[in-house]
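The following pair of complexes shares a single chain, subunit A, combined with subunit B in the former and subunit C in the latter.
Take a look at the complex of A and B:
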């Protein structure tokens, strides 16, 4: 349904166009839930914005590759095409949606305004189900499990708690029955208790409405809970992509393995964070972007006389054991091994 | 159903109420202080300015004895402090005294002239808003650099043009050559007074409209970067509704806040505009009072100016906060 191929995005602030997303390929099938995992600065939000055509608001632009939705090419599509796609086909819940609601309008007015503006495009009955815009807005709020719907309709966002605001943003995203919902860090700004509820809600909505979900998070545990398959992004490039099961059981990339270890820290007890920090945009290392922090490189590095990790460009993911991995030494990682616990095999 | 809170916790609400109450109390205190400060400055200034009301009134040939008698009649004897205390105690009783020149109560004089100035202010503000809305909205939404550049240049030029220059420049074609409007004068009845007010309102409204327009333009551009604009965009709200409700509406509060300041500046401008167009407003009243060293008139007028500025400022801030909750963080 959604096919992103070799997508690259660059910042347009400088003429050189500093890359933030580099040759990323991913796909979302009908009804599938895909998780996109990456640290801040890995380019995941930029990737989302490319999917709804709002990169220009963030001084960025697609510099290569393609985005196809139901066969239609969206890269370079005019604003009129985007207006048809946004909300109706691809809905997006932006990051930090605590500030995601119009501060000067009541919740009811924001939703009815959205529902009414859809009227001109599709048959009236299709959106409102024959009822008024107001009753449809009420239905949407009930769908996202907002209590006391009638009073919330008449309140402005600053009167609502963070979890409620997040629910309203989701309700608005659902208003036109999109076939794909992108949720960018939907739980980050919320406290843990509310986080779990929002995740439950997303999971339930996906089943109930039969839509696809692209869930973006820095937290692998969050994504694992909801998604069928997972794409791991690091410094603008895909490190590993595959089924949730395969990645959790047997990661074939040292970075993912580190994330898995971090995500399962409750079970394993005492986890070691991946050493170092993610490189900032514009300061990506040559070779594999992860190598300066990679324990596998450090370990095989002694024998890595050819410098296969640290030179050249970021390797593109290739299929290894039923998933895609960008690690040249994927086969060096043993069964069930992380980059720390596993034995190193003979590289190359 | 969830136990998740719908509203911000009750504690937070309570705190917010307290904050608002404290802010209002601060405002009121400030209003009283400003009005008092203005009255003090007014009192001191008219006395520091060289010249003597009695000499102006009686002329050079009056006898010393007559001057002394009038001085006592007008309570102009005694020390500065004594005079001030007398003035303040009258003021607390809302007694502004009588004009030295005309012996009419100052409050009556203000009551006669203030409505003219309020008409002018209201009319001028209307002109300003009519100019500012389209210019600011287009400037905020357009990506055309040419528009922005020309708007900035034009507005700078118009803001920098003194009112007495633009007033005279407009009088010549519209009042003298075309005779569309009278050159000067006033009629104290609603529809008739408009033809006397049009030119002065346009002359003062244009530079203020340019200022509003620029503030609105900047405000819209700032709003454009906000997160909720992205939400509106990806929700797929139709273009007109999106521009109006997501870009313009949330950008208006700063302009309304600014109006509070501008009304104060407008009173200062009224002094000049009313002189140029010979309007019997409070500005003219003040100028005559100053020229005649008519102490009670000057003091009373400036006190009213101070009061109006503080009151309008308060109203504008309150209105801005009602329209936009983000403006509620009161200083």
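Take a look at the complex of A and C:
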């Protein structure tokens, strides 16, 4: 239903033309949940904004590639098309929950407004029960486990706690029964128990209504919870993409292996699974963007960075054992040695 | 109660929001203390009152009743009324980093301003100190010249941490300071906080929903529920013998979670 192909995003002011997302391909099928992971600054939020047509608010624009949603091309689509799609068919939970809410309207007004604006009667009652817009709004808040729903309906965003605000935004995104939900770090303010229940809710909506999900998270554990497949982004490019299982247990890309190791690691341990820092936008290295931090290149280069890693351009993802991997030496990962994903062996 | 080490103490704190029939007690008789050089975890369900307690302790919100003392002196007025010296002693990192940064200021300006205003550094000095501080939280030179709108979520969070630390507070109230950053960046930030705590005796109230962080970094901890503190004590003790069901549930939900090796911060100084 969503097919992103060779999508590139560049900045439009000051550093005009500098890429933040580069030739990204990913797809979300109907009823599928896809996880998008990667370190801070890798371009996850920019990619989401491209999918809801709001890049211009962040001094960026699509510079190449295509976004097809339910057969329709969205790159370069007029605002009238976006108005039909954005929020209705593709709902978006932005990373900052304040950005997803109107500061002056009460929670009740915002939710009932969204519910009333939904196009068809069917859409209105799919997720919530029947009844008035107000009672549906209350249903939505209860679904996301908002306490003291009656008073919260009459409160404004600044009166809510961080975690409540985050859940109100999720409720708002679900209000119009979207066919695709894009959620950018939707549970960062919630404890593991509430998080698990919200993720479970998303999973149920996917199963029962066939809602598709693109879930962005810096936390691999969150993504594993709900997603069928995972896309790993690094410095604007896809490093690896495949089924959740394949990525988690047998990654063929050294960056993914590092992420998997980090996820199962003790924070206080002082052990760095991926040494160094991700490069800034505008300062991506030539060749494979990951080479300055890669341990595999040292292994295949017998102690030095392999020439094929540090020259040329970012390797494009190619199929390796049922997953797409963007590493010239991906096959060397499967021979063990440099593969740390084995020892990471994330439980369950 | 005297606090020889110059601690921040809130006693009998009550915060009521709204009036009449819709009045709601967000904080209910809370006693809480953070001393210099210690890390205190504050955990609890979403909406249990953690942020509100943090704001009251940072003298950003006036409690309905109860009092906050620092170094034995009561802090009762609004922030503007406090002596400058006291104001600089207590800093808060806000849960939503977006709302706490000035949208027109580049990251480096936001931090340099602190060095100029609080530490009377020259323009030049302030700028280079700001770049150093930002580098410590993992913000590169290029990113330092971006405005909040152009920073990613995790970058924004790190800038607001850098800004609060630049004040060189004695007590830092950190409200979910690592919620938007990945493990590597998290480890880096926690190492930085640990170092400053050791070098300068920084006391930290660490508000978080991530019990792993409390287990690994906090000497003591408080658990809140419905506005009240339902559990308090040395981290090791609470983990080994949680008295409240909510605490037990959270501990059990930690992936591979178990008690730390000893009371307090088991890995301090490592």
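Criterion: the second predicted complex is superposed on the first by the 283 of 348 C-alpha atoms of A that agree within 3 Å, B and C clash if a C-alpha of one lies under 4 Å from a C-alpha of the other, contacts with A are read in each partner's own complex, and residues count from 1 in each chain.
Criterion: contacts are C-beta pairs under 8 Å (C-beta built on N, C-alpha and C of every residue); 3 or more make two chains touch, one makes a residue touch a chain.
As the structure is a computational prediction, the values presented were derived from the model and not from experiment.
Undergrad: What is the contact status of A:169 with respect to subunit B (first) and subunit C (second): first, second, both, or neither?
TA: first
Undergrad: Given the touch rule stated above, what does A:136 touch, subunit B (first), subunit C (second), both, or neither?
TA: neither
Undergrad: First (subunit B), second (subunit C), both or neither: which does A:59 touch?
TA: second
Undergrad: Report for A:283: first if it touches subunit B alone, second if subunit C alone, otherwise both or neither.
TA: In the superposition, A:283 touches subunit C alone.
Undergrad: Of the partners subunit B and subunit C, which touch A:252 in the superposed model: first, second, both, neither?
TA: In the superposition, A:252 contacts neither subunit B nor subunit C.
Undergrad: Is A:99 touching anything from subunit B or subunit C once the two structures are fitted on A? First, second, both or neither.
TA: both
Undergrad: Could you say whether A:40 touches subunit B, subunit C, both of them, or neither, answering first, second, both or neither?
TA: second
Undergrad: Which partner does A:148 contact after superposing on A: first (subunit B), second (subunit C), both, neither?
TA: In the superposition, A:148 touches subunit B and subunit C alike.
Undergrad: Should A:308 be classified as contacting the first partner (subunit B), the second (subunit C), both, or neither?
TA: Touch partners of A:308: none, neither subunit B nor subunit C.
Undergrad: Just which bits of subunit A does subunit B share with subunit C as contact spots?
TA: The answer is residues 96-97, 99, 147-148, 151, 159-161, 163-164, 193-194 of subunit A.
Undergrad: Spell out the part of subunit A that touches subunit B in their complex, as residue ranges.
TA: Spelled out, the residues of subunit A in touch with subunit B are 52, 54, 57, 83, 86-88, 91-92, 94, 96-97, 99-105, 113-114, 116-118, 120, 145-148, 151-152, 155-156, 158-161, 163-164, 169, 172-173, 175-176, 193-194, 197.
Undergrad: In their shared complex, at which residues does subunit C touch subunit A?
TA: My answer: residues 17-18, 22, 24, 43, 45-47, 50-51, 95-96, 98-99, 138, 140, 142-143, 149-150, 152-155, 175-176, 179-187, 190-191, 209-213, 216-217, 249-250, 253-256, 267, 270.
Undergrad: Which of the residues in subunit A end up touching subunit C in this complex?
TA: Those residues of subunit A that touch subunit C are 39-41, 44-45, 58-59, 95-99, 147-148, 151, 154, 159-164, 167, 184-185, 188-194, 196, 218-219, 221, 262-268, 270, 272-274, 277, 280-283, 347.
Undergrad: Which residues of subunit B touch subunit A in their complex?
TA: Those residues of subunit B that touch subunit A are 1-2, 4-9, 224-239, 241-242, 245-246, 249-250, 253, 323-326.
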